[in-house]
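Presented below are the structures under discussion, each in the form of structure tokens.
Below, chain A partners chain B and then partners chain C, in two separate complexes.
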Partner chain A sequence: MTTPIQKPPKKNPQIRTVVPTLPPASRSRRALAFTVAAAEGRFALQKCAMCGHIAYPPREACPKCLSMELPWTDVPTGGQLIAETTVQTSINTYFRERTPWRMGTVLLDAGVTVQCHVHGGVLRNGRVRMIARTDKSGKGVMMALPESEGENMADDKQLRELTCDPKHRRVLITDGRHMSALSLAQHLAGAGASIIFVGLAEDWRKPPKQAALEAIPQVEIVPLDITNTTSVTECAGEIGGKVDILINNCEYVRPGGIMGRRDVITAQDEMAVNYFGLMRLMQAFGPAMRGRGADGANSAVAWVNILSVYALSNLPEFGATSASQAAALSLAQCFRGEMAGSGVKVVNAFCGPLDDAWRQPLPPPKVSPEVLARDVLRCLQQGLENITIGDVAHDVRTRWIEDPRVLEKELTQIEGM
Partner chain B sequence: MSRFSTPKRQGYDGVAVAVPVSIPYTRYSHESAHWWLARALGELVRCAGLTPADIDGFTVSSFSLAPDTAVGLTQHLGLTPRWLDHIPMGGASGVVALRRAARAVQAGDASIVACVSGDTNQVDSFRLMLSSFSRFAQDGSYPYGSGGPNSSFALLTDHYMRKFGATRADFGKLAVAQRANALRYPQAMMKKPLTLEQYIDARVISDPIHLFDCVMPCAGAEAFLVMREDIAADLNLPTARILSTIERHNAFADDPIQDRGGWAMDIDEFWTMAGIKPEAVDFLQTYDDYPVISMMQIEDLGFCPKGEAPAFVRANSFEIDGTLPHNTSGGQLSAGQAGAAGGFLGLVEALRQLTGTAGPTQVKDAQTGVVSGFGMINYDRGVCTAAATLARGLT
Partner chain C sequence: MNALVNLATALADGSIETVDLTHTLDPDFPVMILPPEFGQCARFRVEEVSRYDERGPGGYWRNFSCGEHTGTHFDAPIHWISGRDLPNATVDAIAPENFVGPVFVIDCSAESAVDEDYLLSVEAIKIWEKTHGQITENAWVLMRTDWSKRRGAEYLNMREDGAHSPGPSADAVRFLVEERNIRGFGTETVGTDAGQGAHLSPPYPAHYILHGAGRYGLQCLANLDALPPTGAVLICPPLKIKHGSGSPLRVLALVERNSNAG
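Entry: the complex of A and B
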């Protein structure tokens, strides 16, 4: 059992905020594929296509047969801790501030030995279950967890460095009017978030399910209109220093593409929310979060963009909205670059069609608010950076990874014949 | 193992090893590696009664020489060698330099080879070196706590203790004996006596590694000459000769964790070529950046069977007048680790022993000795291993 972390005390404004230091960030180019898998929570190693040998650390050629074909492959996560140490003295400033730090050698069932972080609940010589996650440098690392789930396991101080667990953290949900708002607030409250700010534009209009939202004790409604710079700036001025997790669920969705519309007014509205609104949020809330990446148990930890999966590849029936989502996705990549080194993860959650009025013509399976909230919470608790929500999103992203050019042909071809 | 048979190796007839040089270490230095290597080369030339033009072979080992290599040093130091080697093998560099230079001399490719090693230690250079030590370390070990060699060897030590029942007191016995030896070696960095109690009670660094299991990084240089026997005789230099050598890299790659080194692959050849048995050896210089590695060498070099080094350590004494004098200048644990010069420390001390120039650390009537090297934790284990048997020279 892991000792539960305590609710952090109110911040003393006279004490300097600890600035984020970082674990080692340099990796070989080959090793970055491990980071890519880790950002999705996959435990992938190189497996020789010729002889099947699993190679680690990352290589250019198989050390058994010198084949150059070493595709990254999900491998079994079981293993045994065969040696361990607790580092008391480290030359790296990040670890120096966090010692003692447990690490060890695990013999994987896949047949290869790895060095990794070790969870406090792992027994000496014990069986372990490996995870791959990105660390505060945004680089993939391995951690050995106890084989079975233990009490308060997520509170392990080394594991919590890899995750974005909402426990004792303060969250901003940007759109209280969105159909996902109530479910998100309920899930976050259940996961131990200490404050859940819910943004509300035009707050003279009542949001749907207002009573249920206000019934959650942690919820605080705040005025926030992301299409209005003054509103965003004022909101950030009020609460920006205590937003540890920001979930942007604002969106503007309309059917149609180019020729079905006679002007660009709807497209401007789409961009006003999906692109410029996002940029306003980033400009107003980003700097404070970037400075608070190591601010104790409730440090700033995650920025979640809920994006349409058609940001990856345009769906002509919602073509103009897809374009604005693509703009948002590109902006998110810029934001990742600017937030790198802060310890705050920028999460892209690619969502399939929600079951709402504007997407009514689209066929099922659709995403319910429940599923969206559950998946976002799981993503935060696990510390992932890229997730899909719903079957359609999973399907589209899988096809996009396989070959984005084929996907483009599929999405733009004429039906029938 | 290769499927092709290995022919019987030639001996090292006609080759002499001479002029052991140790430049006194300092904890930190604002000088460059070039400065330290230059001092060592200058000392070699002066002590041998040579001029730089006489040096026609040159090997260099250094971690902190970047952006230069042995090539840059030739121009920097005004050498015009016809045989040149850069040996980046850390703790194995000394023996590897020795055996390469010996073959060059024997084949006539060079007549006098200066084998030089050294490093500076600026205040942040150890951290910088560790963070870019190797690609595998960068990808696979440094991100996990950045304990450097302390945590790498903590893992090996933890595993060795579990598997073979070694205790901290066993490691401590080696460390305490080395400190006693260091007190007699004028250039050792560690000059305070060390008791077993102090060793046991020392603060933990990365368990089971405690303070006195660790070497102190410092600046310094070590060097020696390899030359034709007739030249050594002309120069009237006391010499040592080489009875046997071995070298191996990335041995036992499928062992999940290292509890044996490459010596074990070649040990039969090593003693056959030397023509003596381990019992006949008058002293042993192991590479001792942590005591567990000395234990591993004691086993893999054939002083006792695998896993029995703890018992061997309990049954022997390792001071200069002990049953097996070991690391007679204090080893790196007590003399200090001057980067790549750590890979020369034992060899240079062995040459002093066999040329009768060891002074306060001289082992009485030392006729033969074994020197072993271990280098480069590329990821999870030392990759390079080497060893040599040396004897008092004919001159």
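Entry: the complex of A and C
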């Protein structure tokens, strides 16, 4: 059992906020594929396509048969801790600030030995379950966890460095009117978030589920309209210093593409929310979060963009909305670059069609608010950076990874999908 | 000449007051809500260009955006389908003398306080005229409801069956246009029609009848309780927008201090 972390005390206003420091960030270009898999929560190593040998650390050619074909492949996560040490000091500032730090050597069931971080609950010479995650440098690392789930396991201080667990953290959900708002708030409250700020635009229009939201003790409704620069700036001025996790669930979605519309007004509205709204949030909340990436047990940890999976490739039925989502995705990439080194993960959650009025004519399966909330929470608790929500999103993204040109052809051909 | 000199003197010595009937253009001020699949009225928005900073060291200025019918605004005849073929039906083509003129204020605040769907009737106008005299030709008529004092969701007063706010009946608008030959009609609510105006006959009678007859509308007015029933002068020039269907504007009234206010 892991000792549960305590609710952090109120911040001492006379002490300088700890500046984020970083674990080693350098990786070879070849090794970045491990980071890409880790960001999705996959444990992948190079596996020789010719002889099946697992290569680690990353290589240019198979050390056994010299084949150049070494695709990154998901491998079994089981293993055994065969050696360990607890580091008491380090010349690296990041680790120096966090010692003692448990590290070890694990013999993977896949046949190679690896150096990794070790969870406090792992028994000496015990069986382990490996995870790959991105660390505060945004680079993939391995950690050995106890084989079976233990009580308060997520509270292990080394594991919590890799995750974005909402426990004891303060979350901002940007759109209280969105169908996902109530489920998100309920899931976050259940996961131990200490405050759940919920943004509400246009209080002159009553939202349908405000009473249910307000019934959650952790929820605080705050005025926030991401199409209004003044509103975003004022909201960030009020609460920006204590937003540890920001979930942007604002979206503007309308059917239609180019020629079925007679004007650009709807497209402007789509961009006003999906692109400019996101940029306003980033400009207002980004700097404070970037400065609080190492601010104790309730440090800033995650920025979650809930994006349409058609940001990856345009769905002409919702063509203009897809275009604005593509713009949002590009902006999120820029934001990742600007937040790099802050210790705050920029999460892109690619979502399939929601089960709402605007997507009513689309065929199932659709994403319910509960599924969206569950998957976002799981993503935060696991510390992932890229997830898909729903079967459609998973399918579209898988096809996009396989070949984006084929996917584009499929989505735009006469037969449709 | 003497009239203008006298007016200027009265304005200077305060015996004629200038009353502002305008709401502040504010991003949080309600706009008309239409069914979501229709085009919507743009909210008022502002972006700062510079504020004595690296974007412009010497100056503070901003870009703003809004619809032609955002905030306190003027409706030109072409705004409604009934007025689309009329001459001079756009804000840029309306002769400027129409923007200054006499104004009559019918106080419906007591009725509106007890009936949020209150409809101003012909009978009520005639009763008002018995006290204050007949509405003269080519004048503005404003319907005072004190609705401008409402805040937040109470202003649109939107429920599942639509908005609930007072306005004129179809017969009342027809009477004002045909029997009193008014120049325009103004309200404190988000439109010249009642919140449930879509269910009257014709739908949105103030829009349909006023604009079909080439008359003008003013809405989202404020401070109508500071105007006397008769004797004030309204000043309401909209922006000169090419082919404009309307425009946000500053609406002022000139009121003699000793007149019978309220």
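Criterion: the second predicted complex is superposed on the first by the 415 of 417 C-alpha atoms of A that agree within 3 Å, B and C clash if a C-alpha of one lies under 4 Å from a C-alpha of the other, contacts with A are read in each partner's own complex, and residues count from 1 in each chain.
Just so we're on the same page, a contact is a pair of C-beta atoms (placed from the backbone, for glycine too) under 8 Å apart; a residue touches a chain by one contact, two chains touch by 3 or more.
Just so it is clear, the model here is predicted, and its values are computed rather than measured.
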item	value
Fit-or-clash call for chain B and chain C when the two complexes are aligned on chain A	fit
Angle at the Cα centre of chain A, taken between the Cα centres of chain B and chain C once the superposition is applied, in steps of 10 degrees	150
First, second, both or neither for A:206, with chain B first and chain C second	second
Partner chain in contact with A:277 - chain B first, chain C second, else both or neither	neither
Touching partner for A:56 - first (chain B), second (chain C), both, neither	first
Which of chain B and chain C A:265 touches, first, second, both or neither	second
Contacts of A:228 with chain B and chain C, given as first, second, both or neither	second
Partner chain(s) touched by A:319 [first = chain B, second = chain C, both, neither]	neither
First, second, both or neither for A:86, with chain B first and chain C second	first
Touched partner set for A:176, first chain B, second chain C, both or neither	neither
Lowest inter-chain C-alpha distance for chain C and chain B in the superposed arrangement, angstrom	39
Shared chain A surface residues [contacts with chain B and with chain C]	none
Touching residues (chain side chain C, partner chain A) in the complex	27-30, 33, 36, 39-40, 42-43, 45-48, 152-153, 155-156, 158
Contact set on chain A toward chain B in their complex	23-24, 26-28, 30-31, 34, 56-58, 63, 82-92, 94-95, 101, 103-105, 107, 113-117, 125, 135, 137, 139, 141
Chain A-touching residues of chain B, taken from the complex the two chains share	126-127, 130-132, 135-136, 138-148, 150-151, 154-156, 158-159, 162, 203-209, 253, 256-257, 379-380
For the chain A and chain C complex, residues of the former touching the latter	202-206, 225, 227-231, 263, 265-266, 269, 357
